[in-house]
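Below is one structure. I have some questions about it.
Order of writing sets the chain letters: A, B, C and D. Residues in each chain are counted from 1.
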């Protein structure tokens, strides 16, 4: 049993962490911070937790985070980088669900996130928390940069192709669709029900912050810089990401076998039968990524469909998976919920 | 560990039973029947169960139901009544999620369900499976009639008032709103996405089959025939029932204390603070009923708000709760999932 | 052709006014104000108006409102009351879509709206703009207080019963359900897509601002103070209000005939056949109120179902209807759009 | 004023035709057929038409279609091809909203639609009703094959690029997302609310019937066979198609100017400013196609976003536009509704 803290628990990744950790047999929730809600009972803000989470929000300054074994940052970008140093010094291991430590190049980070990085010297130590790629480094990591939601779905879908060197890596296309919870719990006009419901649109086509993150991961897998067009869209549902990926085949292979072999040992990646159509609800509220391969009309374009729940495998679930790995628990502990369908 | 079978597993209560039972530590799923899908893998129809449920659908005639300890009927109305006798004779205990054994008066049943009852002689033995009312009888029951979704939400909201004799039982009003999954997984025009989405309507105002069921339960509690107007509505969401209940106060009391006392020992009924507004998502995918009391403008009308997930506390979850009681398990076994929010 | 201005055009009632007025053959849109968006093209904010509305938002201080024949206030509560005087003095006729002049009792208004009324002396002159009640006064009005959305649906549903004196007016119940656009276009957490979607809840049960407005209208019709319980709910759709109304019959009559006679000459009230179930989409984007009567189980409770589009008959459409009456146009001018279904 | 008939008026394209034609000043609705609903009032099935459409459905055999000037087929595929001959012989002009006459190669048609073509000899005469391409032929056409919804959005988005010869036509990608009304009003499980809501998925990746139609149109524009990958998706909204199109630039040009020039004279195509993000609701219930161009990161991939309302510009609206052209009316007659937003 480890002691766990959460910094910033009032957003959707925060409440999802609470849902998962409150059911985790090896983790004891000890502290959760919120500047705005200090003193309030967590279950008053999120009645779904009534009777299950007895904590109150604590002001950040008064939170006994140093006494935790693990601390999750479910904060806006730019918060964790100011607080991680002292936690690590106190022996706490940290999983940052925001973007502060995802990009290895601080200049690139500062360009995309529009602020000065407060702890560039810690970036090298941070391990990018995609277990399917970095499981061994995560085991011993003190600081894990939990991947973004789009990057998780897109990388897991592309990786077998990139690693195998069988496709053109200059012209990768990721057409991704996200549920609205991916935009967070901030009060903003464009994510109001009356704006986002019964509506569909692309956004950020000129450049979304997840683009450099995906490009970094795929380039590492390719051993060279990849070319990627990434078009995110907002779709009127709460949870879920559906990534539709396009790659040109350069060398033939049995791609279905390739994918199945790549993910055979992965507990949270499900390679479906060839030509399946995974739907986002088939992973709703679960830590699973389902992937299916298509070869339309037998042409030279491979289509990969990859779905996750953005709040679970795309955020809080993957964070718990990383915690499990870091602390030597069975990787599936607390993550065995069956998806909620319908 | 008991052996469990499901008759009719292709509807929404069926797949919800599968989700709950596959995670139940004391139940082993042994057989699931479907006439139309015999031979097909359950997880091919419901990909959310991939890797979790390995069963195939079996034709009803070939299903080894008699070797089960418990059998759930997740069938259309009128199926269970033809098969229950032989199962009971074989020593199997049965929970019927359909309506066959809910009404004590066979004539009334035949009027509302439009068919001849095939086993009226078994009706007296059947226990109405609302644990908050009939827990003791459920313990030893061979045949449990699992309540309807509306009846669960409405009865739990009205019961403390009726039992206490403090309100006018001649003019009860239940204005109830249901998510569309309550209509089942049949292909019908009025529940198509393009019909039910971005739309709201009442239906069945002239008389809904759940009316006699609610009336029977409330009349039993009152010790006399109650007068009830029940207006169901269809609201564009998948899961959830919200019952808004109106009763005229005849004698003053501290109604909040009354409700809290009535449900203090109930693990699945949550009486919220006075004047709360429970929302359906606060119980999504969980076996909880949340209730809140209001007294608008201090007048003589009490308003009770009662929410459940129609597929869980309104169907499959309550069925598992009944199974737990019948077999002497802790009542919460396999039902401790935290609601999924957002 | 009259010259028309809109104060506050960036909310949902504003853009709906623009949609209707841009298609109105007798109205010429001359000016639209917005403090925050001054200088911006209206069609840049609302691309649905590209090619149809060429105006730019103008700062309130620079808007030539006095040169208009009619000015609509689509502003938050409390704005119109500060500006109406000078407009009336300049000969402009005003329709206020906010609540400033809806309540006849300034003290009551100040209690419910939590601010001092800036122009109580003008309240007596203001005509409550429900044409089905006040058509003659609207004709000559200089200042029309456009009704709220709930009050429109509830009053039109109750009026024939109240006016006829056939029901108990002490125990009226209005259980109303609104789409989320009724909450406006303000950035707030509780109306985010991820909060309001796939969810249903009551709100404001202790007292909603539309309660005194409805009570005032019904009491006027009754000739005495009525007793009303009003419970509003938020339902996951963009447009539409469904009011389910309950009244106890005191004296028998052919209520269907009563309703049909009451609304025979009304172009925007449709009394459907007895026992119909009007759905909100049947009036989507149109200025119609559809009403149906029920008498469940032949008991003494009448149920009236009343649906409107909250942004049309509940706001902008009714405002245009009032303008038509005020300026002597055919009442249906510019309001003949057929509802959009599905 | 022309006399108009509709064959098959109970689906979504049928009711949308009714909405548009009932408001069309030059068209008089004379007859509407339905085998299943013969005798029923149209407005009983679609209450949105109460007071606006007084017709009753007529059995196909008894319908006086020959006396009409124009007849629309809003029928399943395979119906029009059996009836068109006799109507044309009677001097009636026909617009088929189904697929019977869209493909020029009968063998190709039979392959994709799985039935024998009943009137292959009439295919050459049929004009593909995309006014932006075939306006002149439509003018004098007796038989117009109204385009599919996806084909309209995809072709309008790609055409300027293909016609100009500036992009690689071997590797076109169309990632398209449709609202559920595109699947029609048939009772089917996969389009139930509880299946399609809060969910996103691709479908028909192996080959959708609209693929050959799009390929035919683009190949004609290119003067050679194009290579196209077409991936349709189902998104949880009622109306709207969003096509995200990808093309590799072969020769540089000012593509924004190219698009604006191509569609300058088109009343129903709106080329938005460069790098805009059109949303589907900006064309809801209107006959408009909005298009925006992107050049992500200045790379060699052009991204075109194209949105329509699948029931209007993708079906009934385009059919009325074709009728207007055929009968010499102003092309916008009856099609000037402003989109409904929100």
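Of note:
Just so it is clear, contacts are C-beta pairs under 8 Å (C-beta built on N, C-alpha and C of every residue); 3 or more make two chains touch, one makes a residue touch a chain.
Note that this is a predicted model, so its numbers are computed, not measured.
A count of C-beta contacts for the chain pairs B-C and A-C puts B-C on top. Set against the C-alpha centre of subunit B, every other chain centre is closer than that of D. Look at where the CA atoms of subunit C average out and do the same for subunit D: the two points lie 36 Å apart. Computed centre separation for the pair subunit B/subunit C is 39 angstrom, with centres defined by C-alpha atoms. Taking each chain's centre as the average of its CA atoms, subunit A and subunit C sit 45 Å apart.
Of all residues in subunit A, those touching 2 or more other chains are 12, 179, 181, 194-195, 197-198, 236-239, 278-279, 281, 284, 342, listed in ascending order. Within the complex formed with subunit A, the subunit C residues making contact are 12, 179-181, 183, 185-189, 191-198, 236-238. Of all residues in subunit C, those touching subunit B in their complex are 171, 173, 175, 177, 179, 194-195, 197-203, 205-207, 211, 227, 229-231, 233, 235-240, 242, 244, 246, 248, 275, 277-281, 284, 294, 296-297, 299, 301, 303, 305, 307, 342. Taken in their complex, subunit C has these residues touching subunit D: 12, 15, 19, 22-23, 46-52, 181, 197-198, 238-239, 270, 272, 276, 278-279, 281-286, 290, 336-342.
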